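There are two complexes below, and they share chain A, which is joined by chain B in the first and by chain C in the second.
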Partner chain A sequence: MTYEELQNAPLCLSGRQLTKVFVNGKVSKTAVDHVDFDFHQGEVISIVGESGSGKTTLSKMLLGLLNVTSGTIYFKGEERKIRTMAQRRAYWNGIQAIFQDPFSSYNIFHKIDAVLDDCINMRYGRHIDKQKREDLKTEACSFVNLKYAELTNKYPFELSGGQMQRLMIARIFLLKPQILLADEPTSMIDACSRATILDMLLKLRDETGMTVIFITHDIGLAYYISDTVYIMEHGKFVESGSADEVILHPKAAYTKRLISDVPKIHEEWNLDDVFTGEE
Partner chain B sequence: MSNVLLEVNQLTTKYITRFREDVYAVDHVSLSLEAGKSIGIAGESGCGKSTLALSLMGYYFAPLHYQSGDIIIDGKNISGMKPDDVRRNILGREIAYIPQAAMNALNPTCKIRKFIRDVMHAHYPKMRDDEIDRMAEDRFRELNLPVDSLDLHAVELSGGMKQRVVIAVSTILKPKVLIADEPSSALDVSSQKVVIRMLRDMMNAGLIGSMIFITHELPLLYNVTDDIMVMYAGQIVEKGTAAEMVFDPIHPYSRGLMRSILVPEEGTRNIKLTAIPGTPPNLKKPPQGCRFYDRCRYRQPQCQYNAVPIADIEGNRQYRCQLSVDQLRELYTAEDAEAERKQAEDTVLQKFLKDTGMNSAKEENRDDI
Partner chain C sequence: MRHMIRNVFHSPKFVWGFGIFVFILIFCIVYPLFNPGNPLEMLQVGGFAAPGTYVNVYDTVAADINKEETLKIKFRLPGADEKRLESVLSADDRNTMLKFLAKVGVDTSEVDVEDLDQLLELWEKYFDPTSQPKGITRADWNKYKRINNAINRISSTDRRSVSEKDQDGQMAAVGDFSSIDYVSVDEVANHITLPLGTDNFGRDMLKELVSATLTSVEMGFIAGTVATIIGLLFGLLAGYVGGVLDDIITFITNLFTVIPGFVLLILISFSIGQEQRGVTTVALVIGLTGWTWTARSVRSQVISLRNRDHVNLSKLSGHSLFRIILSDILPYIMSYVVMAFILQVSSGILSEAQLSLLGLGPKSTETPTLGLMMNWSMLYKAHTSGYWWAYFPIILTIAGVSFSLNLMNTGLDQVFNPALRD
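Let's look at the complex of A and B:
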């Protein structure tokens, strides 16, 4: 789908004047500062920013793991309600996440099957016969090019980082949420397996039509994967638009600086032009 | 060839596991590094990049053991030396190392000034504190680092500052060879640029003689180093200048690596990334023939049994494959043409589906939630 078509797709998640202030005694720090956004169905959105720009705080608020200081989040056109645990569970059926560190995403005392079993319980209920359960797990593993027969009865430490992250995607495939929030899923994985993970996320989007929110600091990655890019600086979105528009023709000074800081292949990388306003 | 600073001949090192199994993580690696040059080592995780760095320093502590080969730094063979001698006489002065996690490299309980004094006393026990302080201040000024940071603790510095301080401290004795093991992979792009600029300035000012840069970020290597070596399963599979390696890789594995580059440049969005399938071989039982056999797209029947030595080709390049350069290039051109044809077909198909309104097929796959 083209960028214009995606912009006319139904809204999936949107936020109005979303703010998060961390208060510690008399010191307060605004991590996310009155941001507005509209995420459409089937869109791949990248949120790009440096460390400390509030990307992760925003993602935690979207997931409902952090309370919102002010502002509202709309989920499928209605205001999001996560007061009670039941509401929260219902919300988490619609939004799921993959995190940065695959090694700490697993319970090291449980076998890998348990991870997939939990997902099946969450989506299809506890009372599902054994054969169906096995079939679902096999299907999910083959979606991410893993062999279920080789993985069953193994513990997480027996897998490599890339395999673990792929199993996380298999989990998402079983759950089929409307929104997937990927918080730097490839930053701890080397360049070869990175391509596999990205292709799987795109395949997941194409097959199930889910919205993928991709949080990253790597602009090359954001440019490759996303339809829409949001650039974040000090808790504010300084620029947003289609990937081609933002990355190839940046308008904001911050975006220009970020892009000039990335080493490139076809253009010269000017090392003398560095930003020295480091705190 | 008088200005060769580091020469490594057929270096082999191994890990001995609990069960007395030998794992050859660095297998017959040869390289030579001239003054003022830098060399980059690329490869996926677990291919032996960091083990090579430790081996080059002569830093053999169990389970890492030296097996055979020579390491000659500026005419001095350090390969048979004891680790303690190496630590006292070679590390810091001849060869220095920047670790990946600068956060853990600094002592959290003391100020940077005290830390530098400790480092210097390890090498020159009789050196006076004020002398060391003057030296550190001069060096910090030379590298445009704030001198005030000498009186701070490690926790008070930001990630990029910490990495720069670690670099300044590890090169305080003007080493001939600097080994940088992923110095910027934990930093964001802006701090990465500052760190890289500092390394370049140090090379220009002659504070370090030459540099070995280890990372898996290929665009960075292309911009930083003169030569690039690609490692796979403990062996070097290809070596060449940076431009040759990025634009004209010969070995199938390096080609796979170069295909996974992501840069924010026009046109890169339309190129499909091709990942290398499979995982690297287990080095406890390395394959008999080519180590890349299982994952290679262009494998031949003889590859499984015949181990290939590394071969020199025109220029300063080396590669390790059964097939000749011309054969490989032919295969690559054919593959590129095929991919282009497929993409053109895809575009036509997509357009047809769109015109006839049939692209709603994916909606049916979606279950109700």
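Let's look at the complex of A and C:
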């Protein structure tokens, strides 16, 4: 699909004048400042910004985990409604997330099976038969190159960070939401596992055609995986557009700085064409 | 979970605290089995009998002389006479003897009243009952003669006889015994061992203390449970739900914090009235005024947990508020709650003691508590009159119970907070 085709695809998630202000006593902090965006079906979007620029705050609002101070979020063209538990459950059938720190993403008191069981209950209901349940878990694990037989009955602390994050992808594989929000999913993972995780995410996207909102501070990585890039500075989107447009022809000073701060953009992601490119 | 419990029992502090506490409890449960009866029964006419075994004098004499010849066990124990002398000559008597010696011109600066041999030797040398030295009053002389008689009586090997009134109302000897006759305590019909003596009412202190300890621990547990449940509930709701609910709960908590808990406790106890104050009522009141710090610390723990990703993930999995609190928050603070509970139990026991000391504890006619016992020993001035057995063991028990609980708590703290480990 070309970039133009993607931009004409139906809207999945949009925001208008979305704002979050944290008030702490007399101090107030605007973490997300009147942002507008349109994410389309099947699009891979990167939101890039330095640490503290408000990416996580934005993603929590998109997920419905944090109250919006002002502005509106539209889900599939309609204003998002998440007042009641039923509405929230319906919304979370459509949008799911992978968080930054796999070590704090698990309830340490529950076995790993519980995480996958929750997903199966959510998508297929509680009363699915036992064999089917086992098959689903086995399939999800093998999708991320894990052996279910070795994981079952284990506790999260018995896994490595990479394995934990892969299991999070298996979770998304089971849930098959329309939108996946991945908040720096590789930043806490060792370099070896990082590429594997990214490959698995992209494979999952290819298989399900879901929209991926990828949050990162690494502009090279954003170029590598995304169709559209949003650059975030101090809670505002300073620049957005197709990955090629934003990274090859940055307009905002902040974007230029982000690019120059990544000296190894060439080698690491094999982006020779970035600067010799199609121009 | 099992791993954690094993860790807990590897902590020496916890094991010591737990051991002391369990020992106290087991002792208090087992002791009444061997010494049953009402702990508030007044055994003694009067009060404050010192710890020891008391043998009925009447029965001892009867056992010695009325029974078969075989019961007349004879012992020649080394130092028996000296012991007898020592028990007969009180410290006062010895000082009196010293005074006499000084008057007849002995240099008493070298004489030690504790050294009975030396004292008696000098006494024998200078005291002649037949000649009253000049400069000694008649009253003093009689005192000296009485002491001298006592000394001679002990030293003599004469037999003593026991007389009874016969039909004609005449005293007649019915038997006799010498200073080497012994009778087994078991042969004496009535005797009682009071390891901790009696209190002012003449009640067996140990029996009372054992019963009081159980009651106080029970009150501590009731108070601790009530305080922990309320504190946990409020803390979880305020911390997790937040918003208006948090504001309301925080307001109530602050209200209870601003009024010192103990003052509140006194006011409530006072207004309930002596007759209505049962053990359970007082324990509930203590629990109802003590929950605030549990609520506050649970709240702050929950606030630091509620934004963790595993909670977010649980929300995204469609779990209800109730389930998230129960399975994603509670297990994380459970170790903390256990510690808070132990501290609440300990502070409940201390609160009862304080309250009872002020006369606002449970009504005093039914069951003893540690606080009530302290109250009685204060009221009857055991501490100023030197009846150490009537207050010291109580203090020791209160200290032992709260020390063991706090030790357990410190041990748990070290297991759960690796930063504190040494």
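Throughout what follows, the second predicted complex is superposed on the first by the 264 of 279 C-alpha atoms of A that agree within 3 Å, B and C clash if a C-alpha of one lies under 4 Å from a C-alpha of the other, contacts with A are read in each partner's own complex, and residues count from 1 in each chain.
Keep this in mind: a residue touches a chain if its C-beta (ideal position, glycine included) is under 8 Å from a C-beta of that chain, and two chains touch if they have at least 3 such contacts.
Nothing here was measured: the structure is a model prediction, and the numbers come from that model.
With the two structures aligned on chain A, chain B fits next to chain C without clashing. Look at A:Trp92: by the touch rule set out above, it reaches chain C but stays clear of chain B.
Of the two partner chains placed around the shared chain by superposition, neither chain B nor chain C is touched by A:Asp38.
Judged by the touch definition given at the top, the superposed model places A:Leu63 against chain C, while chain B stays out of reach.
By the touch criterion defined above, A:Glu245 lies against neither chain B nor chain C after alignment on the C-alpha atoms of chain A.
Which of chain B and chain C touches more residues of chain A is settled by the count: it is B. Contacts of A:Asp118 after superposition: chain C is touched, whereas chain B is not reached. Applying the stated contact rule after C-alpha superposition, one finds that A:Asn107 touches chain C and leaves chain B untouched. Taken over all C-alpha pairs, chain B and chain C come no nearer than 13 Å in the superposed arrangement. Chain C makes touch with chain A in their complex at residues 1, 308-310, 312-320, 327-328, 331-332. Contact residues of chain A toward chain B in the complex are 50-51, 93-94, 145, 160-163, 176-178, 189-196, 198-199, 206-209, 217-224, 243-244, 247-248, 257-259, 261-267, 269, 271-272, 274-276, 278-279. Per the touch definition, chain B reaches chain A in the complex via residues 44-46, 158-161, 188-194, 196-197, 200, 216-220, 222-224, 246, 256-257, 259-266, 268-269, 273-277, 279, 362-363, 365-367, 369. By the touch criterion stated above, chain A contacts chain C in their complex at residues 60, 63, 65, 85, 88-89, 92, 96-97, 99-101, 104-110, 115, 118-119, 122.
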